[in-house]
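Chain lettering (A, B, C, D, E, F, G and H) follows the sequence in which the chains are written, and residue indices restart at 1 in each chain.
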Amino acid sequence: MTDHPGTHLVAPLKPELFLTTEHHLCPGCGEPVATRIVTEVLCELAQQRSAVCVLGIGCYTAFARMLDIDTVQALHGRAPSVATGVKRMLPDVSVFTLQGDGDMVNEGLQEVLHTAARGENVTAILLNNGVFGETGGHMTATSVIGQRTKTSLDGRDAEYHGHPIRIADLVARLDGAGYVARGSVHSAGAVAKTKKMIRAAFECQVERRGFSLVEVLTMCPTGWFVPTADGPDYMEQTLGQIHVMGELKVARAGR
Amino acid sequence: MSRTVLTRGTVVIDVDACKGCDLCIPACPPAVLVMTTTDVNRNGFRYPQLLPGCTGCRACLDVCPDFCFEVHKYDEPIEEVVDAPVDGRGRA
Amino acid sequence: MISGERELMLTGIGGQGVQLAAEVIARAATAEGKHVTYFGVYSGVMRGGNTDATVVVSDDPIEAPALVSHTWSAIAMHHEFWEPLRAKVRSDGVVFLNSTVFEVDPALPDTVRVVEVPATERAAQLDNLMVASMVMVGAYATTTGLVGVEACIQAMRECIPPYRAQHLPANEEAILAGAEMRAALT
Amino acid sequence: MSERRLMEGSEALAEACIAAGCRFFAGYPMTPFTELLEHMARRLPEEGGVCVNAESEIEAIGMAWGALATGVRAATGSTGQGLSLMQESLAEITLARLPLVVFNMARGGSDYFQATRGGGHGDYRHIVLAPMDINEGVELTQLAFHLADKWRNPVLVYGDYLLSHTYEAVDVSPLDFGDGRPAKDWAVDGRRDPRAKLVTMLGFNKHGEESPGMAQGMERHFQAAVEHTAAMERGEPALVDVGFCDDADVVVVAFGTLAKFVRYVVRQLRADGHRVGYVRPITLWPFPSEAVAAATKGARAVAVLENSGGQMIDDVRLAVLGRAPVEFIGGISTDSSGFGVGDLLDTEVVRARIEAVLASVVASEGAPA
Amino acid sequence: MTDHPGTHLVAPLKPELFLTTEHHLCPGCGEPVATRIVTEVLCELAQQRSAVCVLGIGCYTAFARMLDIDTVQALHGRAPSVATGVKRMLPDVSVFTLQGDGDMVNEGLQEVLHTAARGENVTAILLNNGVFGETGGHMTATSVIGQRTKTSLDGRDAEYHGHPIRIADLVARLDGAGYVARGSVHSAGAVAKTKKMIRAAFECQVERRGFSLVEVLTMCPTGWFVPTADGPDYMEQTLGQIHVMGELKVARAGR
Amino acid sequence: MSERRLMEGSEALAEACIAAGCRFFAGYPMTPFTELLEHMARRLPEEGGVCVNAESEIEAIGMAWGALATGVRAATGSTGQGLSLMQESLAEITLARLPLVVFNMARGGSDYFQATRGGGHGDYRHIVLAPMDINEGVELTQLAFHLADKWRNPVLVYGDYLLSHTYEAVDVSPLDFGDGRPAKDWAVDGRRDPRAKLVTMLGFNKHGEESPGMAQGMERHFQAAVEHTAAMERGEPALVDVGFCDDADVVVVAFGTLAKFVRYVVRQLRADGHRVGYVRPITLWPFPSEAVAAATKGARAVAVLENSGGQMIDDVRLAVLGRAPVEFIGGISTDSSGFGVGDLLDTEVVRARIEAVLASVVASEGAPA
Amino acid sequence: MSRTVLTRGTVVIDVDACKGCDLCIPACPPAVLVMTTTDVNRNGFRYPQLLPGCTGCRACLDVCPDFCFEVHKYDEPIEEVVDAPVDGRGRA
Amino acid sequence: MISGERELMLTGIGGQGVQLAAEVIARAATAEGKHVTYFGVYSGVMRGGNTDATVVVSDDPIEAPALVSHTWSAIAMHHEFWEPLRAKVRSDGVVFLNSTVFEVDPALPDTVRVVEVPATERAAQLDNLMVASMVMVGAYATTTGLVGVEACIQAMRECIPPYRAQHLPANEEAILAGAEMRAALT
């Protein structure tokens, strides 16, 4: 990782807040990508020694071992409440959750909404791939109409299976939410934009402007049953059409 | 049909960490990454190789799920001669 | 006609097609009138982690539990989780190694027959790394004669879910390729 | 329908549900329950039923509650962990007298206490059926729907990773348990014909009368539930599989898939001349206490093999009541994920543990007890 | 109830779908008022013999005995899922829930949102009084800023207790929701308007246009610690300012 | 602080929490737990702590989980029904080794099984303390925080409507249980000093090492939990109150507020010359089996009085192991709401039930057993 | 100071069901309902009494939580003479 | 100085102030140096439903549970839930009935002293029906002497939460009114 003469290091193999970068996630998975930029933002904001991560249950649970950040493992769906308890006791620390769509929008939908409504100064990072990846690719509350999953074999049917929830849009409607945005990691450009959103979310927390959420669309080629290389396109054409990227709420100080 | 390209940066690729997902290939703006065809790493995956012309932009690193890239920039760009008429994505 | 119970254990890393191989062999044997149990460890397990399977084939109804202490045959798609399986191979057993990526010494007694199949390499030649386990199935069927190659192809067709139907030809090609590789040797 | 097909255990259980007339299912993925849900999601619509991909376990059982209230056969399930989330509902649905069938496809370790004591609050019990393999699972699943209707009480089917993930050829034709299906005159249909109904766990009805098992007022209602439990315990024979116990020095007690290993090993040991027998409770509640007491009468040691820290052993001790030493020879066994099967599920390991008990009995020597 | 000569009956003491009108709810409670108009709408739509009520847990649970309608009692918060099960098995019957704010917006927030997102053809009636009435007047997720409750003795404080959730606004954002409105029973005029909303909601259900919700603000003088006669004014000046009345969503057929 | 004040039971328990240093509480109203929450909501901010009006029981325990992970003393609670909802969390927080104190202010009927067997999945146990009245409740609440920290294991305080709604004058000064507070070097503070920590129920740490009670890998971790349970059972003396058992023909076993009636009645009966004694388990887990065995050694009958269909009776039978008949003299007793107290909570009723057992023992007559 | 009022309807009041909440009083458009002052019903609550001038509009019924009202309309309005200068809410 | 334990049981319907009355008497007795237990059934119980309370007062520490089988005195604010209480009144007991609304025959033996207090009527005269139970407290204190009227007023001040402070004067007036009514009689 030391520079050769005539060169300088732009970015090392192992990001600062990772203990190890080895993991068992699938080829082409978007979750490690999203998680890496979260750690980069923490470094940029000099929160390396003032951060607690609360993990949900999904494929990203694997990061518990990997992250060089104080971590509390929550049960499936419960991370926002756990983060509330942590933050109330450590008000000066940057507390964030890392959750999937199954975790946040299925099992724990009311946790995130209540926590946002309460205006807890925590940041929630949602890794939304529109499936329960970990269990093998089943329909979640964010799967889009027509999406083929193991429990919607002929594609999600609005009549029979219902409609997807655009969670960031809901959270943005709550008075306790200070910053809400939706990004993606399906291209290098999207990664850069999403990183800015994550930064804005943590700034919101530091400035005590209330709850912040960044929803990040992540590829799950395994759960989508597509070749890894097709993941980014599939995402843009399906999930990306319903879960539209952009900033949804930027509340000023002293809401 | 050789030509000269300007190389502003370079990447170290952790080949054995690669899971052959292909995501870095289209992400590379100058298209200087190319997957092996029959060669596989210790886990049986194809992996990317670098052609001349890297800009050190870190796009590959930004999209790689497996932390395979270390990105460097040259203090001064270097010129390299390549004889391939096509780039990593097969573009002429 | 086989005498008593014949076991096959398979190991690999998630994504290598180990469960598909096991299910293909189990279905093929069933179709050929055998009694079969097959047990697989898959899904809900960390991606890329351990995946293994046990198939028992017999002419008579099987009294024993689906998990066995010893095995007559084994397929190793990768060496990473090989060790626990190694200890279970019978001294008169036969072991198939995916020699493209199986990098360690299998550490088996001399009495065990070891068959090296460069399955991943062959799959790469077929331009589809995912079918390596089908190459192995073809090789296993031809070598052991426990199941027929044709039955395997038929079983594979039943195993692949409709939404993956596009992979049928590649898988068939792979089974045949594996069978040929072994036929060439024997 | 009566031909045998190679099926995954979870597919076989799903087909058994359908054969039993189950027309509503709701569940949330969790290994190793997930595949049962997948099969129900695929199959129920084909049979004119509905399977909802519930957004959580609690919502799943709520949906089943609603479907059951209309009188249809309905089921849900999860692992023991998901069932933990359902405990409020599982306790109260029993007081509402709804015939739920619920699957626990248990992860590594045992949820015996949760299943048999009722993990929820207050006094209630579920009938608990623990198949040892797929063929028995198909039968017990169908029996579960029958018993749930018969008693208007939830019935729990206790499986695990091994049951769910094993393939065997199996026949899933409908079974007939006699006495038909009881009329569900308590079920709602919106028609008020002849008058409005109320399905509730709160112990009253709209018309101020007592209906069977539905007393007026909470105290009477709770008391009625206790009596109902006692009636089930008296009225429903505990199913049990006993082998080689007559002259056994050592009797091994085990349930579920692990018991299949025990049975296999005990047969081997008998063949080798050892005086060992087994008791395999099939209904975990009501527990076959009398059968255990009878089978262990002459035993010099009773060994309990569970994949846990020791839970069923309480019931075994309560049945043996000090007449012979009761020894625990089980322990936690699972794979690295915590969901799957560990080293204990191995006939040689099981054999070694039983042999150790035999050896100690022989060592303590002397005349038969 | 028979008419005297020269007079005709406008409305009887006991509404058609009540078995009895005696109850133990507090003086000045708004819940019986809201419930009565629900039954009147069912009669107007000729659903008297085609309706199932699913009750939540709160003071309104008392109506289980009183209503002459097939009823399923749900656990606290779970009514929407129970209603889903009922409706899926009885697709031609009008299925509705009767829930309080504690039931729907606290304990069962995710139930109602998931059910709405799935577009279940059921109608939810929310009796929102901004408190847990039954347990004695504690803060709920709809209590407004400044509201004094037994667990927010100095008034709800945004910083410490968080912000209220405007549930109808959230539900209106879900694709599965066909009709969403917020009414009140604090005056005869409000009662009449709310009745129209409830009618529209049941029509939405009958026409299978998806989930419908009518939030009804109800007085709870006991939980508010105000004299019964002041209930309506207190409501208008507090809850009514945040939970603003009106129709929030009217989706056309074939959404 | 050491003066006595007239306080409602729930207020006294709240003050005891504060005296024990509890600085975080979260809960959801449910009779008869509600008042404890009210008092905590009022008092904690005054003490620089935080009480969150959690939106549900599951969220309440999630918040407590987070607070505990930072090393502060924290608690939650509900009734048995609310605890049913928390079962997933209660099981898993035990595996995460977090020192939660949880209150069950039980409704009518008993949640003994839920409390002592763990209503959740798998193998785990909570220490369970059951005070008979307010003064003991204040002491045991403080002990609960001490034991939770000592064992890094949840401790359940078991109360009920009577405990919650009775007023008595009580002293709530802090108690000292010796050995100070264990250092919580496992708690997170965000500082990575010297390195990052992980609080998890999944059985590993960030650095690949084993820490006390935190093995690497699920099987080892589950096994470690079983061993930890055994260590608590061995290491923590079960508290028990035994009276008049030495020469008693009949020993009555009861716990909690009902046991206060039993104790009072047994004293009356002794004064009237009857050979009757009582055992009052104060810790329900670990159950004082040895004390029960010793106290009932000479008894001709053991009577168990519970406000339930009979749950603790299993533990009594396991302790007595057939040496004397164990008779159930309790039953469901509650008021019309199902939350409150019923007719059983009456010294005359209790006396009559005990006298009936005495009479039957005398009737069966003859020489002492 | 008496005056004549037109009475279009009337209400039957179930006095013993009343819990004295007062809600019907301001709800009545012509203000012809008035609470008793010292008189209480069997549960100890004050209750409303009807003055002449009811329109049969059912507003009282619509707001009453305790189902105390039955509302009738006269086919023909009747005239009644009242001597109170003020209505039930004390308005002149 | 009272000998042994003195019990008071109260009954009424929710909203009549039964718990407040019980707490006032319990606090007053405590302030006067007595040992006291008080148990109330309230809240979480259906509005307008049963509400009752038990107060035990003694010069010595109380060994018995807070629920008693018999009572020395009773207050009935309403007849609806009177029956179970009736059976517990000791033959030498004293019973206070809210005669404004207590409509049935209390059905007590002649040895029991019955004191009729038109508490609701008196409260209506004070223009605040809610204070009827405080009228009863005043009457009870004056008649039994178990607690002092002044102590009751002081205790009432402690019981009323700050957000209901506006009711303090009315409650005080009511206690005094009850005391006067009885004082006038004795």
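The rule is short, and it goes like this: a contact is a pair of C-beta atoms (placed from the backbone, for glycine too) under 8 Å apart; a residue touches a chain by one contact, two chains touch by 3 or more.
It should be emphasised that the depicted structure is a prediction, and the values quoted were computed from it without experimental measurement.
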{"item": "Any chain in contact with chain A as well as chain G", "value": "E"}
{"item": "Shortest walk length in steps over touching chains, chain E through to chain G", "value": "1"}
{"item": "Both-way neighbours, i.e. chains that touch chain G and touch chain B", "value": "none"}
{"item": "Top chain pair, ranked by number of contacting C-beta pairs", "value": "D-F"}
{"item": "Separation of mean Cα positions, chain G and chain F [Å, integer]", "value": "57"}
{"item": "Distance from the mean Cα position of chain E to that of chain C, given in whole angstrom", "value": "60"}
{"item": "Whole-Å gap separating chain B and chain F, where each centre is the average of the chain's CA atoms", "value": "64"}
{"item": "Junction residues of chain E, two or more chains touched", "value": "23, 25-27, 29, 106, 109-110, 114, 118, 135-136, 141, 153, 161"}
{"item": "Sites on chain G at which at least two other chains make contact", "value": "19-20, 45"}
{"item": "Residues of chain D whose C-beta touches two or more other chains", "value": "30-31, 34, 55-56, 58, 88, 92, 202, 335-337"}
{"item": "Those chain pairs that satisfy the touch definition", "value": "A-B, A-C, A-D, A-E, A-F, B-C, C-D, D-E, D-F, E-F, E-G, E-H, F-H, G-H"}
{"item": "Contact footprint of chain B on chain C as seen in their complex", "value": "13, 16, 48, 78, 98, 100-101, 103, 120-121, 124-125, 129, 132"}
{"item": "Of chain B, residues touching chain A in the complex", "value": "9-10, 12, 14, 17, 19-23, 25-27, 29, 45, 56-76"}
{"item": "Chain E to chain G touching residues, read off their complex", "value": "1, 3-4, 6-15, 18, 21-23, 25-33, 36-37, 185, 187-188, 191-192, 219, 221, 228-229, 231-232"}
{"item": "List of chain A residues in touch with chain C within their complex", "value": "23-27, 29, 59, 62, 133-136, 148, 153, 222, 225"}
{"item": "Residue ranges of chain A touching chain D (in the complex, touch as defined)", "value": "77, 106-107, 109, 132, 135-136, 138-139, 141, 150-153, 160-161"}
